[in-house]
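What follows is a set of structures for review.
Below, subunit A partners subunit B and then partners subunit C, in two separate complexes.
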Partner chain A sequence: MADADETSKQAERNTNVGDGIAVKKQDIARAKNEGKELTKDEKQRLRKEKKQQKKNKKDDKGESEHENVPLPPSQAVVQCQSQKVCTSEKPAKSKAEQRAERRARQEADRAAKGKKGESAQQPPSGKSKAPPNELQPVVKRLPEHVQVDDPAAVRKLAKKLERQQIPVRSEYGYKVSLFSHLHQYSRKAPLTQQISIPSTVIHPYIVRLGLQYSQGIVAGSNARSIALLHAFQKVIQDYKTPPNEELSRDLVNKLKPYISYLNQCRPLSASMGNAIKYVKKEISNIPCLCKEEEAKKQLLSCIDNYIKEKITLAATTISAYAIEKISNGDVILVYGCSSLVNHILCDAFDKKRKFSVIVVDSRPRLEGREALRRLVKKGICCTYVLISAVSYILPEVSKVFLGAHALLANGYVMSRVGTSQIALVAKAYNVPVLVCCETYKFCERVQTDSFVSNELDDPDDLMVTRKGKIHLENWQDIRQLGLLNLVYDVTPPDFVDLVITDLGMIPCTSVPVVLRVKNVDQ
Partner chain B sequence: MELQAVLMAAGGGSRMMELTYNTHKPLLPVGNKPLIWYPLNLLERVGFEEVIIITTKDVQKMLTPDRLKLDGKMKLDVVCIQLEGEMGTADALRHVQQKIKTDVLVLSCDLITDVALHEVVDLFRAHNASMAMLMSKLHEFTETVPGQKGKKKAGEQRDFVGVDATGQRLLFMANEADLEDGLTIRKSIMCKHPSMRIRTGLLDAHLYCLKRCVVDFLVENKNISSIRGELIPYLVRKQFSKSVNLPNNKDEVEMSQKMEGQTNLEILGSCKDEELLRLTQERSCWNDHHGDMSEAYHGGKVRCYVHIMEDGVCYRVNTLAAYIEANRMVSAPKLIEDPPIHPSAVISECTQVGADSIIGASCQISDKTSIKRSTVGASSTVREKVKITNSILMNGVTVEEGCNIQGSVICSNAVIGRNADIKYCLVGSSQRIEPDGECLTQAVSCNLF
Partner chain C sequence: MPVTDKEVALSERIEAFLAELKRGGSGAGTLRGSGETARETTALLRRITGQAQWSSAGDLMEIIRKEGRRMMATQPSETTVGNMVRRVLKIIREEYARLRGSSEVTDQQESLHQLLTSGGLSEENFGQHFKDLRANVIEAINELLTELEATTDHIAMQALEHIHSNEVIMTIGRSRTVEAFLKDAALKRKFHVIVAECAPFCQGHEMATSLSEAGIETTVIADAAIFAVMSRVNKVIIGTQTVLANGGLRAVNGTHTLALAARHHSTPLIVCAPMFKLSPQFHNEEDTFHKFVSPHEVLPFTEGEILSKVNVYCPVFDYVPPELITLFISNIGGNAPSYTYRLMSELYHPEDHEL
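For the complex of A and B:
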C-alpha cells in the first residue's frame, strides 16, 4: 500500500520535474540562442536540474527492482522527450523517438541486471530500499573468495588471473556442502608447479613467500604481515621505473599480480589487507617529481615505520596495558599459539608476576605445542590440555587471554577455530575473557557466523598415522564422506569482556568507533 | 633473477672408456639424441631461458642449436676449460664465478630424468636452504653388459645417506670408502634429530641447488675441488657444527679467521640474514620439529635438503650398463615427444620393427629385417635378413645382409660384414667386423687399454 502511494507520488514528481525541466531548458536554450551568457541564476538552476535528474534516474533503478519493469521506460521516455524538445528547435521526431527507445531499452537492461545482481543477495535487502527514497541503493558486490560455487564468478577470476599471467590453483577433494562456496586446495599441489622455475613474471621473493604461506612455514597474522612487508621491500628495491611511466602509478600495477598470486597460495588475512592498503596509499602519494632513488628510500622507510609502529611498538603497549590485568596467583588460559599473547606473558614473567598458564590445543594444527615450548623455555609453569578438556579445567582458571586474527566492524572477533568455544565455556563459568589485538587488524567487514566467509585448509591434514596405519587414508573413495578443516571462527562480542589494543582497553562494541577515528585520521 | 643453471659437460666419462675414447661423453647418442640434450630439455621444459655450459673445446664446436635439436629459444652460454689439469666440478664453478649473480642450479650432462624439478627447487626456496639436491632410488641393471665376461664387478662403493623423519632434511652423507672404521654419527645430530633413516640404495643425481653465498665460499676456499666429493659432505657436516656466535667486534672475526685459515661459511651467509626475517620466524607459530626446546631449524643457518624420487626415470649415464639401460628407458614416451621412428627413415614393407625400437633419421632398413628393443642411429644402413635384438647402433653404421646382432653396442661408422653373428659385444667406432665373423662377449676396438 505504502509502496503504491509512494510510487505514484514519485511518478507525479517526475512528471512535474520533467515539465519544469522542459520549461527551464527552453529558457536556457533561448538565452543561448540569443547569444547572451547564462546568468548566475540560470547556471545554478541548470546544476540543480542535473542533480535532480540523476537522483530520479537512481530512484527509478531502485524502484524497478521490486516493481515491474515497464514503469521506468515510460518515465525515462517522459524525461528524454522533455530533454529532446529543448536541444533541437525542430524535433526530428523519428530521431528523437529512436533515441528515446534506445535509452529506454538501456534503462530496462540496467534495471534487469541490477535485479539479477540483487537476487544473489538475501531478499530483505531489497525491501529495505523501499521506504527511504532519499537513500541511494548501493549494489553490494560479494568478494570472489566466497563465490566458488558460482561458475560466473569463477570464470571472472580465471580471466583476471590470465590477464595477470598468474596460474589458477585447482580445487581439491570433495567439499562439505555448507562450505562449497569456499576454496579448498591441497598442500601437495603447490602453485609453483605451474610457473616457470626461474620465475620471471613473479618476483622470486614473492614466489618464496607464497610457498611459505601455502606450506604453513609462515603462519600467524603478525608473521604473515611482516613477511609480506619484507617481500614488498625487496620488490621495491629491485624495481626499475620503465620509461614514460611514473613510479607512483606503475609500482602499484606491478604489485597487483603479486597480490593475486599470494591470494591464490593462501587467502589474504585482514591484517595483510590493511598493510597492502597502506603500502598502496604511500606509493600513490609519492610526488611525481621525486627521483626514483629517493622515492624508493622513502617507501622503504615508510614500510619500516609501519612495522615498528603497528606491530612492534603496539605489542609493547598492549603488554603494558595487559600487565595491569595480570595479578599474582593468576591461572591464565591461552588457546593455540598467538604471538601477541605469548609476548604479553613473557613480558609479565620478566616483570616478576607470579602466574601459571594453561595451554589449550586442538587438532589438526596442534599449534599449542609451539606456544608451550616458548613459555616453558622462558620458565613459566604450564599445563597442556586439548580443547575437549576445556570444561574440565575451566573451574581452575582465573582469566582467559585470546589472540585475534581480525576484529570485525560489528565487534565480532575472528580467530582460530575453537576460540568461540573457549569463550562460550568461559562465559558459562563466569571467567573473564580478554582479547588482545593490534589496531591494524581491525577490518571493516561484518560477519555474524563462521559460514559466510572462512578458509578451508587441506583436508588431508586430518589423516593421522597411528601404529603405522594411516586412518582415513582412502577418504576420497567414500562418496558420502567429506572432511572439513576449518581455519577460522567468529566469537560474538557478548562473550568477550575486554579488548586490549594499543589504543587502550576498550569494550568489543567500540571497534566501529576506532575504525571511524582511524579513517578520519587518514 | 632467481636461479641460474650451470651444466657440467667437461667430464671425460672415465668409467666407459670403450664408448668415450672416440666420442665425447656429452655427445654420446642415447635414443638418437646426444646425451647433453636430456638435461637441456629438462631445463627448457621447466622454463629456464639461459644455461651456462662448461665443457671442452672439442665439444663446444658441436654444440650448435641445430645439432642439438633444441626446439625452444634457450640461450646457451658455453664456457671452455682446458682438460689438462684435473679440474674438478668445484674448480669449474669457481671458473665461472663472475657470471653467477644469483643462486645456482648445477647439473651434470649425463643426467636423464623426468623429475618434477619444482620439488627440489621448492625445498630450496621454502626453507631458505643452503643446498637442495636430488636423489633417486637405485635401479638394478638387469641387462647383460656387452664386453664384460662373467659377473659384474663388485658394485661401486655405496653411499650412506641419512635423512630425518620427514625424509627431506639431509643429516648425514658419506661414501663407503670413507667409512673404514664404521659409521659414526655425532651425538649433537642425534640430540637434534632423534629419528634418522639411513638409506643405501640411492643414486645421487648430481643436481644441486646452491645458494650464492656457497659459491662465494668456494671462491675463498680453493682447496675444495669437487662438488659431490667434498663440498656437499662439508655442507652437510656444517649444519651441525658449533655455530659461531657473531662476534661483536671485528677483531675477533679476523682473529678466528686467521686461526682457521678459512672463511667461515656462516659469517658469509648470516650477514645476509635480515632483521625482518628473524622477526618473522619469531612471530610465526611453525616449527620443523617437535619435542625439544629449540626453535625452528634448531637455530642453524646452514640447511641441506634432499628430494628422493621414489618412482620415475632417473639415470646417470656414466657406465656402460647405465648407457644401455638408458637407451631402453628413453623409448618410453615421457622423455621424448618425437615419434620413435623418424619420418625420414626409409623402412621397406617386409620388416618388423618393434614398438619399443627407435629408428633415427635417414636410415635405410631393407626387407625381411627384424628390429626388436633396439636403437638404430641416424644415417645407418641395414640390409636384408638382419636380426637386431636388444642392441644399440650408433650413427652411420652399416650392417650387411644376414647378420644377427644381439645385446650389443655398435659404435658409429662401424661396418658389420655379411652373416656376422654378434652377441653381447661392443664394437668400437669405425671398426669392421669381417663377414661370417663370430663375436661373443668381447669388445672390438683399436685402442684397447
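For the complex of A and C:
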C-alpha cells in the first residue's frame, strides 16, 4: 500500500518535473547570463532532480550492493535508515527536518566510525571504501576526463557544469584516434572568455588560478598544489556562512563548482586531488557548534600545516636522504624542471659536494631551460642537451635523478613525457635511476601504459619555425595529419632503482605499502 | 708536363665539387641527400678517368686515391663519397684483371696458400698498359651510375612484402628512401604512420606533411614521446646515413633511443638503406664518428648570459649497435645485419678500406 502511494507520488513528481523543466531551464539560463547565483528555489529544484536520478540508480544498485558488500550490522542499519529516508522523502518536507535527519545519519556514522575505526562514510559517490582488515572489491567511478568518447558521460558532465554555472570548454583540432577518449584544448581559447566579468559564481582568485593553469604560468605538481591551497585559503577567508546553513556542509558545496572549473581549465593532478580530499575532510570535520571565525582560523591553519608538512618539510627530508647518494665527482643527469630535484641539487651544492649536472630537455615545453637557469645561478657546473642526444651523453653520467608527478599503486611512476625514455636508455647503459617523490603524490590508481589516462596539450605547440618557414602551419587543413602533444607518461618499475620519499628510500614496488600505512594513520 | 685545358677544367670541377661538399655538410648550403652526393661523386670519378693523364691501371688508381682522400677530408661525415671511390677502385681492379685474362676469383680470394706463397700482398702492381682499359672502366662506371639512380625504386618495390594493412609504423626524422618506401606501400594498403620529429632540426615535420599529402594517416609526436607510444607500434622503419662494417648504423640522433624502445617492446626494426651507404668503417675507428653543429640550435642566443656558463652539445649522429636491428632492406634485397661483412667483401677490395 505504502509502496503504491509512493510510486504514484513519484509519477506525479516526475510529471511535475517534466512540465517544469522547460521553464526551469529558461530561468537557469537567464540567471547564468546575468551571472547571478541561482535562487534558493531553483537550487532546491535542481537538487530534487539530482536526488531523483540518484534514487533511480540506487534502487537498481540497492540489492546488489547489499549482497556484494557484507557490511557490519551497525552500518547496515544506518544504510537501511538512509535508504528509507530517501524513499520516503516528500517534496513538502521542511528544511529543518531534512537537516535533522542528515545530522542523525552523520552521528550514527561517527559512532560507527568510533567502533570500527575506519573513515567516515563518504557522501554517495559510488565508492565503497574497504576496511583494512577486509579485502573487498572497490567499485570506483571512472574519472570524467578519460571518457570523452562516451557521449553519455559527456552529457552528464555538461549537465553538471550547467548546474554549477561553469561554461564547457570546447575541443580543438583533430585528435589522434588512439586518444579520442581524452580532451584536447587550445591554449588560445581559455575558459575565461566564456565567463561574464565579474563572475559572482566563481571566486576571482579561482578564476585567476584557472587561467594560470590553462596558460601554463603555474606548472609543476608542487607549484599547482600550493597555488590551489593558497587559493582555497583565500576562499575560506572570504566565506560567510549563509543563514540556516552549516559551515561544514555549505563550504564543501561551495568548493565543488570551483573544482569543476579548475578541472575544465586543466585536469587535476594526483597531488591536487589528494590536497582537495584533505581539505574537504577537514571542513566536514568541523564540529557543528563551532563559531564561524574559529572554524575559519582552524581551517586556515590546517592548510598551512599541510603545506608545511607535506611539501616543505618533505623536501628537506628527501634532500637529506638524497645527499647520501651524491658523492664527489658525480655527473648527475636531470630531466626537465622538477622543483624537488632542483632543491636537492642546490642543497647538495651548499653542503660542498663536488658534482656536475647534465640537464636534458625536450620540445615542445622546454622546461629544462628553467632548471638550467636556477642551477647556473647557484653556481653549479651544467651541461645542456636535448633528449635526442641522451644516448650520446649517457656514457659520461654516473646517476640519474628524476622527479615524479605521481606514483601509482602498481609501482609505475607517472611523470613528464620523456622520463620513461631517459630511464630506458639509462638502464641500457647501466646507470642507476633515482626517483624523488613526496608521499602526498602517491595515488591509488593503477596504470600500465601512457594511453588510458593522460593529458593532451595544445597540438599547435609542436609547430616550429625553421629557416623562416613553419612546415606544419596548415596541419588542420590536411585531413590525414594529426599532431600529438602528450604531457605525461608512465615508467615501469624495473627501470627505476630507488624511490626517495619523506618516509625513506624505498623500492618502486613498496608504494602500495606506503598507501596502506597512510590510510590506517588517517 | 704542360697543363692542358682539359686538366684545368677538370681540376676546376673537382674544386667546385669540394666546395659544394664543404658547404653542404655545414648546413649552410642546400641539404643534399646522400643519393645525390653518390651520383655526383661517381660522375666526377668518371670524368677523372676520362680526362686525366694516365697510362696504366696503377696510375689511375693512384690519381683516384689522391682525389678521393681530398674529397673525404673535406667532409668526413659524408661517407658516400669514400664509398663511391672504393667502388670505382674495385671496378678498375676487376677490369684490369679481366683484360689480363686471369680469373678474378682466385686473385681476390685471399686463400691461406696464396698468403703464404706470395708473401702477403699480391705482386700485382697494375703496371701493364691496356688500350681498352679506359673505355671499359668508363662503361663499368656508367653501369654503376644506372644502379645508383634506380636504388630508391628497387627498395620501394619491396614495400608490400613488409607492410600489411592496418599497421602502425613508426619512423624518425626524414629519409627519402623511407618516404618512397611508405608511399609505394600506401598505393595498395592502408596503414598509419607515426613520425618522431627529431629535434632540433625537426625534419620529421617535412616528412609528415609529405606523407599525409600522399594520403597516409600520419601523426607527429615529440621525441620525448617515443617510448610512450611505442607499445602501439607494429614496426619501426628508419633510414640511416651510413651502414657500418659491423652491421651497426650511424643514423640521425634519437635513433638509438628509438631502437632501444623497439627492443624493449619486441618491435622489429627495419632499416631501408641502399648499398652505396655501406661503409668499411667501424664505430670509434676514427674521431670522425660524431659530428656536431652549432649549439645555438639547442640553446639559442636569446637565452642571455647563462650561455657563457654552460656547455651545450648538439650531436648530429647516433650509433646503433647491430643487435638492435632486425633487417636491412637494400636495393639488392633484404638481409640480416650479420650478413653485412659478406656484402662488403663483394663491393670493396680489402686493400681499399684504408684509402
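In the analysis below, the second predicted complex is superposed on the first by the 379 of 522 C-alpha atoms of A that agree within 3 Å, B and C clash if a C-alpha of one lies under 4 Å from a C-alpha of the other, contacts with A are read in each partner's own complex, and residues count from 1 in each chain.
Assume contacts are C-beta pairs under 8 Å (C-beta built on N, C-alpha and C of every residue); 3 or more make two chains touch, one makes a residue touch a chain.
The model shown is predicted, which means the values in this text are computed figures rather than measured ones.
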item	value
Touching partner for A:Cys290 - first (subunit B), second (subunit C), both, neither	neither
Touched partner set for A:Leu481, first subunit B, second subunit C, both or neither	second
Subunit B versus subunit C as contact partner of A:Pro364, first or second or both or neither	second
Partner chain(s) touched by A:Arg373 [first = subunit B, second = subunit C, both, neither]	both
When both partners are placed on the shared chain, which of subunit B and subunit C touches more of subunit A	C
Which of subunit B and subunit C A:His230 touches, first, second, both or neither	first
First (subunit B), second (subunit C), both or neither touched by A:Ala189	neither
A:Val331 touches, of subunit B and subunit C: first, second, both or neither?	neither
Partner chain in contact with A:Met505 - subunit B first, subunit C second, else both or neither	neither
First (subunit B), second (subunit C), both or neither touched by A:Ser339	first
Subunit A positions touched by subunit B in one structure and by subunit C in the second	369, 373, 376
Residues of subunit B that touch subunit A when the two form their complex	1-5, 46-49, 116-118, 121-122, 125-128, 274, 276-277, 279-287, 290, 293
Of subunit A, residues touching subunit B in the complex	190, 192-193, 195-200, 204, 207-208, 211-212, 215-220, 222-223, 226-227, 229-230, 233, 307, 312, 336-337, 339, 367, 369-371, 373, 376-377
Subunit C-touching residues of subunit A, taken from the complex the two chains share	176, 178, 362-364, 369, 372-373, 376, 382-393, 416-418, 420-421, 424-425, 428, 449-451, 462, 464, 466, 471-472, 475, 478-486, 489-490
Subunit A contact footprint on subunit C (complex, rising order)	197-202, 205-206, 208-209, 212-213, 215-229, 231-232, 253-254, 256-257, 260-261, 264, 290, 298-299, 303, 306, 309-315, 318-319
